[in-house]
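Note that subunit A is present in both complexes that follow, paired respectively with subunit B and with subunit C.
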Partner chain A sequence: MKHILKILALLVAISAFWIGLLQASVIPESYTWLLPLYFIVSLGCYGVLMVGVGLMQFPTCPQEALLLHQDILEARDFLKNKGVDVGSN
Partner chain B sequence: MDLADKAVGLLLSGISLSVFTYYTFWVIILPFVDTDHFVHKYFLPQEYAILIPVFALVALLCFLCMFVGYVMLKSKKKKA
Partner chain C sequence: MGNEQKENSNKYSIIIPTYNERLNIALLVYLIFKHLPNVNFEIIVVDDGSPDGTQDIVKQLQSVYGEDRILLRARPKKLGLGTAYIHGLKHASGNFVVIMDADLSHHPKYLPNFIKKQMETGADIVTGTRYVKGGGVHGWNLMRKLTSRGANVLAQTLLWPGVSDLTGSFRLYRKSVLEDVIGSCVSKGYVFQMEMIVRATRKGYNIAEVPITFVDRVYGSSKLGGSEIVEYLKGLVYLLLTT
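Moving on to the complex of A and B:
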């Protein structure tokens, strides 16, 4: 419950700031109307950018992949000796 | 396989950066430029700067609601 209250309080603060900006007329009014939409679009863009950067920097660990493959072969042989058939590659 | 991942990641970052710069240019810089400058040819009329994101947001919300409803219906049918 407290988390929702925090999020609601943040939303109310942002809307109050935006309405204050509308009234004060520091920036031309047409800009102030488009500002929330611009922030939403830029937030979406930022999310996609983070996903793309994370994809590019994802580590693949080739040595660990090789060790894992060897472990799988070893386990398959061991189980076959015990009578269980697991391998079906 | 990691080369394909890197290519997809690069493509995504490129798309997001270009969308961001295009939209920033459209909304913030273009109103300050005189109306007979040549650069206005490359940008759609300003109403579309509002229509396209709003339409995309509404479409996303609709899709989410439909997906949630579909999953709920499927789970109820499986239980019954």
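Moving on to the complex of A and C:
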């Protein structure tokens, strides 16, 4: 099944649940009407939180630049001896 | 990473699209040979008519390493990444295919990890991920990291792709799987990489991940520019609706 259909099915299920809540009057109606808004805002906040957390935990590897530099020197040395043109950029 | 390797009768075709990578391609080839000493592989350079003499360097490398190990399959001009892979695939004699960038942002020292992971899990695709512990990026400023993270969260929420790094292009594919997936992809640029992995997920292929480190371009000019964000969003919507 196409992915978009899965998402639509999920939205339909959530909407049905919401309409059910409206009909059943378990929660005061004024709250129920605002639920979709709360849901969207929560989703947005969750997204921003995930971006922030991910940004803080973003894996970096400064030592890799140094290792790469050493690899480049080694490579240039070897290749120059074999007659490959590795002149400066 | 020890020296003992399991009996490996596979052959790996490493496809490297190039455009003006005169210096990087030589360094890359040296590093690949250094890190895959007991592996049966070939390197396929798909050069799109580089004006800087990249192809001459490849020919020099061929005389050092052998024309059976380094294949130069050039094209007359820039014709795009997706078609470069397809072109390389036509000449690939291995049963596995590696795709990687020519600018040294993908380090060949991870190639044994890709191979090992595939043999351990029997995966159809092994994709390198920069965003997990053990992986990482160097050379990105805060803005770049922010857009990358934001793009990733958005893609995860919308697409449920099953991999942590959607736009990465350091991957090992079973050749038959790459042929199957690439046939149904139509996007360009790095959205193409996203489309490949998402379509593979949808088709139910077994995808494994290995952490990789990504050092942003050392020599030369980056070919990413312009309205990346717009392209990315368009790509996301396209993938949302068609996969």
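Throughout what follows, the second predicted complex is superposed on the first by the 68 of 89 C-alpha atoms of A that agree within 3 Å, B and C clash if a C-alpha of one lies under 4 Å from a C-alpha of the other, contacts with A are read in each partner's own complex, and residues count from 1 in each chain.
We adopt the following convention: a contact is a pair of C-beta atoms (placed from the backbone, for glycine too) under 8 Å apart; a residue touches a chain by one contact, two chains touch by 3 or more.
Quantities reported herein were computed from a predicted structural model and do not represent experimental measurements.
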{"item": "Touching partner for A:37 - first (subunit B), second (subunit C), both, neither", "value": "first"}
{"item": "Partner chain(s) touched by A:2 [first = subunit B, second = subunit C, both, neither]", "value": "second"}
{"item": "Which superposed partner A:24 touches (first subunit B, second subunit C, both, neither)", "value": "neither"}
{"item": "Subunit C versus subunit B, contacts on subunit A by residue", "value": "C"}
{"item": "Touching partner for A:65 - first (subunit B), second (subunit C), both, neither", "value": "second"}
{"item": "Touched partner set for A:55, first subunit B, second subunit C, both or neither", "value": "both"}
{"item": "Which of subunit B and subunit C A:78 touches, first, second, both or neither", "value": "second"}
{"item": "Contacts of A:45 with subunit B and subunit C, given as first, second, both or neither", "value": "first"}
{"item": "Common interface residues of subunit A - those touching subunit B in one complex and subunit C in the other", "value": "51, 54-55, 58, 60"}
{"item": "Subunit A-touching residues of subunit C, taken from the complex the two chains share", "value": "23, 26-27, 30-31, 56-57, 60-61, 63-64, 104, 107, 130-139, 145-146, 149-150, 152-154, 157-160, 202, 213, 215, 218-220, 240-243"}
{"item": "In the complex with subunit A, residue positions of subunit B that touch it", "value": "1-2, 5-6, 8-17, 19-20, 23-24, 27-28, 31, 49-50, 53-54, 57"}
{"item": "In the complex, subunit A residues that touch subunit B", "value": "28, 30-31, 34, 37-38, 40-42, 45-46, 48-49, 51-58, 60"}
{"item": "List of subunit A residues in touch with subunit C within their complex", "value": "2-4, 7, 47, 50-51, 54-55, 58-62, 64-65, 68-69, 71-72, 74-76, 78-79, 82-87, 89"}
